[in-house]
């Protein structure tokens, strides 16, 4: 069973359960969920790895920014306890673990809830892996939820450690922006990977079209479709974040959000371009196949039309009439052979003139 | 006659009748309409099965939530008497029994009227059954109308009985939300069913395309279309419910409605994905058929082009000229046979080089 | 010349004339225009048939509702005299007789002007007849203009006579609603007719596609297009009527207008479904034709590829070489025949295995 | 070089020039620009033909309406002097002579500037001629600019002379409306012409499709496209005129503008219908061509499949085996001929049953 | 690797870097960045070429307009120093050097930032070169950034030097408008170039379709797509500039901006027309190829169907039956030859009548 089927089943399995109940929907991608914390002020930084949620919360202070990163969301008990600890709405917990949830932004009293999709291009499978990422922005803290260990946020961690850029001087809203920016920057990497594969495929199809190429085009279309589904709502999301004027977002962050908005539009542009290319590849495939058929047809036509009249001539002189005066002429046989040659050459000349080969 | 024809006729049969007259439009799906009631407070619960509407109404109290479920809507007299008993607008009664009515939400003085479509996948027929569901939300009471006995609302009944989740603690608006949620959750089950069948069909088409597959694709397209027609207006409906700020909807229910709104978008996404898949299957079918034709053409071409020159050679030496010196040479016959073999092998080599087989 | 041509010419004929001049555009569908009147209060009813406009106007009273029905709009003098009698804007008179006028609603001081299209399915021609209907709603009176005698409004007349439903108790706005409702109800009848014909055609095309079927599909597409053009603006029209809050429309009528609005959406849904079906029929036709071609090609290929090698073998033993040792063997002839049989059967087996027949 | 190329070059030639400089863009369509004036009140009328702009201006009075018609816009000096005389914005002058300017309406202090496209169907070339028309509406005066002498405004001149309709009693805004109405009425004439040609072409294509028909369809599509480009902005233009409530437009003219708006929608409807028809003609062409190919293929198949087995039988009895007992039987030859006949007839019967011819 | 791939990689390379850091994205198009300045009042003008940014800034005065043109944006240090000198937002610097940035307009405190794309048609490569242009508008100064030395702004420089038009009398906002106008005027030149090539290609395809033509059509489609992507956001940009009522834009400039807006719509119209033409060329190609195949098929059919029956006749009289009375008739041979001729001519006549050649 493929991804689509599995998902519908996962959602279907939830049918009948009361809403707001956290049920993990998706494929478990790691064994144990882990929690990492970074607590920083412009001057200081404390880090804890693989700690409990209680330890993480203790780190949070008045003036500092606390970033709690939860890796692994299949552990619904953990998510529920985090939800209870922070007073999250039950539907928020449901959405954190529901990997089918589309990107969205929702404001609840005391926190902002953001759902994103991480996109990674898998070189071996020539496919895009989709990962469900949730962000919670409170006053002074940010919690991020990932499906598995990944290195997308590592450069950001480095920047925090090295106090590069304005990240250490800004609030949690800028941190959320930086997390989203990392995700969007990663889209370019994913699109690069898929784009290169599309080009390789295009060249293969022109050289030697195979029925399997059609499946590959279909698969890539679905791939691009999932990118589209991740980016289009993200654009709205960022637009809403900028315009909503929540207390949790400082006005200075607005310019950065508009820049991020621009980047998502750029991603959308690229996605749409690749979509058009894939649409065009279907045509390329069909044209390529039809060109081959035309070549085959031409050869058939040329050979058949050259030999059919010649065979007829041979047939005429194979008739057994008693009175066929030509048959007894000494030069008749070579003459007929020459006649056949001339007819054949006339045919070839005719096809040449018609530019058939 | 098929469904479309029947429906148009049903609507056409109503032409000339005064509006607001309840005329059952559809196919009767059960013999006798039945009424079930649940009356509950956070602490108590009373249930009556197969009672009369008067008995049901008596159960309703000041503080409690009364849910009256009417199964079977072909009995227009019953619907009319319910309408009169509750002071419903005549057009509401008309819409309750009109199974062609699209999903909609309408506010009337004293009650809110909601039309939904229940979707069930029929494993045997590989088809989706559409059922017309109407909900009436008044202050303290909810009435649901179904076309036939179904088990979609059973888990909800269990939750009420067991006081699971917040259902017993909330008002009738939450009950309406829970009913709609059950219906939408069921869409996922229906989409799962149809999705699996689509995949099976896709594989069959690639393996061995048959003209009947085209009909099947057309039928599935219509199926998906009916899903679309049910879900798109539902989305608007839920959006309106959330935004309209009716007195009948408590503000806390808003978050749940937004969640349900999200689920309908997810359903729409899936429906659109399946629609794209079906559109692609048409191409798959045509490509598959055309690949078969190409294979056939290739075989024809190869066999014809190999044997046509050979037959010509045979024809030449079948001519009856008296002076054909080759004929009397002892090694001429084997030589010609070898010539034919060489010509044949040259042809095969030419086709191999051209990658024709 | 067909309808399109005729219409453009009719409009073109008006080029150069001052606007607001009533010029009949269309095909005269009856000989003499006639006027019928119904004047009713909840208690009384007076009817006049085939009277003059002056007689009709005399009937109108303070408290009663007067419905004047004008059948036949080619008599521009009559229309002009009605226009002068009621003080209509000259453009209203122009639009009443201009059968090309799209459905629209316009408010003028003292009256509301509504243009509709009546649709009737003609069983013989398998075509939809379009009739131009105009309604004028004043305070206390309604005037309807039809192109020819029809029975669409007859059930309404009966309901007025029998005082069925709320028609006798309501004002002229409800009468206008009831007239529009009759027209819309009739759309269902027309769609039913065309829908049945589409199904018959679909089956014919699958069984035996003919080039004439393409013309039929084109004709039906145009048919559906004219339905679309009638219904889409009607929807806007009814929406405007409901929302505009004109003094001429009582608030109670609003609920009925919203219901009618719903019905037009249902008509639009059906029209779009039939449009999709017709679009699919084109594909069905092409697939059906191409399936036939494929069958023909297969037979050609199978017969040719079976006999081409056999003919070659026969050709070889028809050669006249003096030294062909096989020729003198007694069992050679039956052996070659058996060889031919084996080659033929191998071919058949090959095709069977490839599932070519 | 064709029109597109020429236009882009014309615009390209302007690259580098300061904006607001009147440069004639287009093809000069007449030798000398001429000016005609009509000055009228409800009672009096003065006309001057082929006068200078100064003479024309002198005619204008307080109470009268002055209509100055300038024919020929390639004379940029004249346009500039008119612009200076009336204090027009330099960009207005640029737009008057720029035949590529799309229809638009712009309000400047003291005047309103309207750009239109006149469409004339050329019977010989089966093509639509586009002419650039500009209208200036000031208080008490109207100036119209045409590219060449035409008779589209002649009926209007007659109506002014004969004081027909309300034109003499209304202000310059009604005159502008009447001019626009003349142009729009003319669209119907153009569409009629092109529509008839489309039908003729359609019949030709069904009867005998030729590659040149494809070019013709492409050309007509471009033709329809230019009509579309002229009408769509015109609709907006008229809508703006009606809604903007400029002092230059009297409220009474509003009803007429709404009527004109309706006519443009009707033109758009017709244009879209013809566009659909042309889209369908492409399919008709392809189907028609493919039907011919199918006929050809069928004949090939039938003749080949009938004769291939027969030729094989002949080949068998042409073999030179010494021991072929049938050969010496007296009735063998007629028997084989009858066998051939039977095989041939069986084939024909098989094809008949399959409905292949 | 092609442009798309390169771009995605460039953006991907930025992944992980803090936002607001100027990283040159694109292909360096010149060696050293240069700065030119023009400082002018209505009466005076000072020019400096190849100066430093500090020298350029010194020129700026209270009353004058200073235009600093920076050519070459790969030197991020220079851009950063300009950014610091003028107090630009770090994201502005990032966007100046990011050649993938779409056209946009952003207002920052103290300046307005405009991103454009310059389009140049390259005659040799038949391709469009895209250049990234940024404009900064402050109070009294304008800074333009170009990727390489170009002559698009030269006519503007001439106009400034010669004080032609209103450029010297207007403020920096008019200068920005004039710069944008130069860019848009240049679009017409680019479209002219591409348009002429499209026509040449169209004729080639009709005359002799080649598989390479498909690639060419695809390449041109991408070309037109990049034009589209440059112009559509530009339209919004200019619309925003006109409506936003920034202090930096004088009201008189509004009319010119609306005119420029109109020009961009004209460019969009042309781009869309060329897009349609390219879409049609795909069809032209397929029709052209299929016409050739049809010609080939016809010749095959005609030759095959003429000779197959003749060969059969020859085969019959090649049979070796002992009792074939015709064989010994003296006139049999010529009679059979005449029979063959008649059959052949009948075939030709049949094909002629069917209009097959």
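Should a chain be cited, it is by its letter among A, B, C, D and E, assigned in written order, with residues numbered from 1 in that chain.
What we mean here is this: contacts are C-beta pairs under 8 Å (C-beta built on N, C-alpha and C of every residue); 3 or more make two chains touch, one makes a residue touch a chain.
From a predicted model like this one, the values you see are computed outputs, not experimental measurements.
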{"item": "Chains touching both subunit A and subunit C", "value": "B"}
{"item": "Copies subunit D and subunit C - interface residue numbers shared by over half, same or different", "value": "different"}
{"item": "Cα-centroid distance, subunit B relative to subunit C, in whole angstrom", "value": "27"}
{"item": "Mean-CA-position distance for subunit E and subunit B (Å)", "value": "44"}
{"item": "Sites on subunit D at which at least two other chains make contact", "value": "297, 300, 304, 308, 311, 315, 318-320, 324"}
{"item": "Pairwise touch network: line, ring, star, complete, or other", "value": "ring"}
{"item": "Chain order, ring traversed from subunit A with subunit B following", "value": "A, B, C, D, E"}
{"item": "Parts of subunit B lying in touch with subunit A, wherever the complex brings them together", "value": "155-156, 159, 164-167, 178, 181-182, 185-186, 188-189, 191-192, 195-196, 199, 206, 255-256, 258-260, 262, 265-266, 269-270, 273, 276, 280, 283-284, 287-288, 290-291, 294, 297-298, 300-301, 304-305, 308-309, 311-312, 315-316, 318-324, 354-356"}
{"item": "Contacting residues of subunit E [partner subunit A, same complex]", "value": "1-2, 4-5, 8-9, 11-12, 14-21, 89, 91, 94-95, 100-102, 104, 106, 108, 208, 211, 214-215, 218, 221, 225, 229, 282, 286, 289, 292-293, 295-297, 299-300, 303-304, 307-308, 310-311, 314-315, 317-320, 324, 326-330, 332-333, 336-337, 340"}
